[in-house]
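Going in written order, the chains are labelled A, B and C, and every chain counts its residues from 1.
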């Protein structure tokens, strides 16, 4: 039986606001447990929620960037259940009237595909439970830290439009990129500021009705998402092959065992008893405000990529990488504005800079290496002051120290050796020390030219002008 | 509307309440009587009526995104029956 | 008259003219408490020591600056606070075992306003547990008694608030009114009780029962005192998203103005057979007084009146079931510490901590919200609520205020309605629709039964038009002397 996999993703994004959704506690990560709390987010008697304006703004931003309809009126609802990380015994969320609906996202995975976004809504995060105390052993207790309780989240629910783990990962990567671009979320999956649950079901090829789906949680990297979806797809087809039924349930991905496990039936027993929160009036978003936010949106990745291809004649693959991180794209454009050689700059950024920052966008703003440095250095190569490979060394040193390229070249003596006399002396030395190779070259093994050039480069600590060395060696050995 | 014992037990479970047998009996009776009374609402046709969620119809006020440390934090946390260091402690959560 | 029998405005004259000090006034109250509290049991917690300190400070303020009394409207006046108002550092129990030892870290907004106005805190007043009740018989700390007849209930849920003021154990008190919990006890104890428009007074720092219905208000000996209390309590609070940003008028200004030519609506659905004949008689007498004052009393109809009680008991219990989910023994409150199992922690702490009425309402609320029932109950009730609200809006197109009784009967005997919850719920029949519509309403004394039990009338105005009902109430009050009577204890 050939099955088709149907995947939908539910993503929770922690918002980069200063304060929580319904109180003024800080959202700063990593504080002493229960330091960032107050009577409101602790759910003490008598408290009431007051909404953070920035959260509404961020939700609208996310909605506009994904072409959603922004609801002029959305309503907060209480989702009622008991759990120690939920101080009020209910989570304030949005149910029937969410803030954004009917959006979409374009992904590239063997061609372009539109993935629908059913809804985006605002809700508060729960606290954290520690099942093991950081300092001592105890198997009888769980420890509750409510610093995270009340932190604002956007829940983004996709249509079940994905058909493979690769599509799912492409969607998530794209969504994450957009959220980071907008500055609404830092996209950190390891730390949990971006979380993803996967709804997976299978159905026979050609069937239009959906099969029963399961929800898999605890997917905190793209790799795990892909593996988990694959596992779940296989598990479900095995169940059906044995004549069984898929049970609608929540499952947990175990990254060590690389399996999904059924969570205890508490999930099925949950009756959330949603009703509109009487402590909060409806959230009204006026058209003027939406337009103001729309005008303030940054250029989004797809548009930026197109522009890079068009204006800078970059190949699509390079434009793709450069536009994947807003700060990287800004770095690129700044460097090009001071030294208009986009292809060279792009090559250096992709091959060298990405390595230096370890592909971590957050390193760019604090990077000691500024966009101007790239232009300056590449100009020096153009002028013959240093060679191409030295340029890489120089820029790596600038990244480390923040010193100017000229200073580094001076201090480390990295200027290019182009003097023909000096080079000839070295070439003679190399030729004299490698008679066997000279013979083989003269016998017709042209490839050995590179060997001689390489040896000369070594002698000069890599600083020789490669073009000149090449020319001179050829002459000498002809 | 007569509530069965099973229904009462299910509701109690949802509400995290533990009832004795006598209580289940008593509540089943009392809640049923109240629900019977409440049936009166079915005399009304409200299909085209908008629900009233709030007595006032204004939008929710919005607060500026500024973080503040709570000055009364120790007092807020001080009522916890079982604290360990900065944490609240509960019996082990399973699953 | 003894000091403790006077009204706030009478005391203010004495304070201004140095005929009495705040210390004397406060001591008078505590002496009275010593003599009658064991019979009345209005208070859960008394704060005598701090009260006397506050009185001393108040006297110092007054002697230094004679104008202080004008700047601080309640300076030096001993007042009681219902025990569902959070008071920083002072035990706040909500009359429940589950909050038996709870010390709030902050003052609620209403409490803070009264403190800022200079009040002396006498103590925390008894109530029905979690404000659920109409007779003050569900308190974990025992019943409060009606000073007019100690065998009878004072009404609820603000029973202690009413009993204290009626017994001279405080000059005014705060209460909360969700379905009648200020107006009913005020009526049964010969006091004035105001439930303001929903959103007029902040709910921040008041333990929530039913969020879309709860309102804070005063109980006092006459309209002038109640208006003064309302003036202090009212106003926008940014901490309460449901409080309205509207300016508060000067309520004093309307007291004494004529109601000649006013149209007073008398809804026929509120004058039912089965009403106590004494209540019916007093209502007719009150109507006559109003007519003599120049008002026109016209018959009107509020057709959906009888649907109020069922609507209320769906909405209020649903909201309460959710509001009370936070009482789990983890961050505060009563906890059964013996259990090693989390689910049992919840179940035992809550079951042992809550009383029967609270549990009943939590279960009813949980049921009406549960899967499959939301449309049939909750949503339907919200729609009926719209109909009830529209009934009133229609009347207010042509009437200035509406007049109704507060309670079908005067105070009933202890235990009389406790065995039948439904019977108890029906005592709210005249007050409950006002909460559903969010309107302001007040009860004030209008008569006595031959056996000396107080009877009250209710005046209702349009949203945020408290001035209207106060003006009518004052005019009526000044044409009668019911409000001058005091319980003999």
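One rule holds in what follows: a residue touches a chain if its C-beta (ideal position, glycine included) is under 8 Å from a C-beta of that chain, and two chains touch if they have at least 3 such contacts.
Computed from a predicted structure; not experimentally measured.
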Legend entry - Chain closest to the assembly centre - both centres taken as Cα means: B
Inset, instruction - Return the chain pair with more inter-chain C-beta contacts, choosing between A-C and B-C. - result: B-C
Legend entry - Centroid spacing, where centroids are CA-atom means, of chain A and chain B in whole angstrom: 40
Legend entry - Euclidean distance of C-alpha centroids - chain A vs chain C, Å: 56
Inset, instruction - Would you mind pulling out the distance in Å between where the CA atoms of chain B average out and where those of chain C do? - result: 23
Inset, instruction - Mark out which residues of chain B touch at least two other chains, giving numbers and ranges. - result: 14, 16, 53-54, 56, 58, 60-61, 63, 72, 76-77, 79, 88, 90-94
Inset, instruction - For chain A, write out the residues touching at least two other chains, lowest number first. - result: 39, 42, 44, 50-51, 82, 84, 140, 142, 144, 271, 273, 278, 280-281
Inset, instruction - Could you tell me which residues belong to chain C and also touch two or more other chains? - result: 102, 105-106, 212, 238, 241-242, 321, 325, 328, 330-332, 340, 342, 346, 366, 370
Inset, instruction - Can you check the complex and tell me which residues of chain A touch chain B? - result: 17-19, 24-28, 32-35, 37-39, 42, 44, 50-56, 75-76, 82-84, 129-131, 133, 139-146, 263-264, 266, 271, 273, 276, 278, 280-284
Legend entry - Residue ranges of chain C touching chain A (in the complex, touch as defined): 86, 92, 94, 99, 102, 104-106, 108, 203-208, 210-212, 238-242, 318-319, 321-322, 324-326, 328, 330-332, 340, 342, 346, 366, 369-371, 374, 378
Legend entry - Residues of chain B that touch chain A when the two form their complex: 14, 16, 53-54, 56, 58-70, 72-73, 76-77, 79, 84-95
Legend entry - chain C residues within the chain B interface of the complex: 88-89, 101-103, 105-106, 197-199, 212, 238, 241-242, 244-245, 304, 306-307, 309-311, 313-314, 321, 325, 328-335, 337, 339-348, 350-351, 354, 359-360, 362-364, 366-367, 370, 377, 379-387, 389, 421-422, 425, 437-438, 463
Inset, instruction - Within their complex, state which residues of chain B touch chain C. - result: 3, 7-8, 11-12, 14-19, 27, 30-31, 33-35, 37-42, 44, 46, 49-56, 58, 60-61, 63, 72, 75-82, 88, 90-94
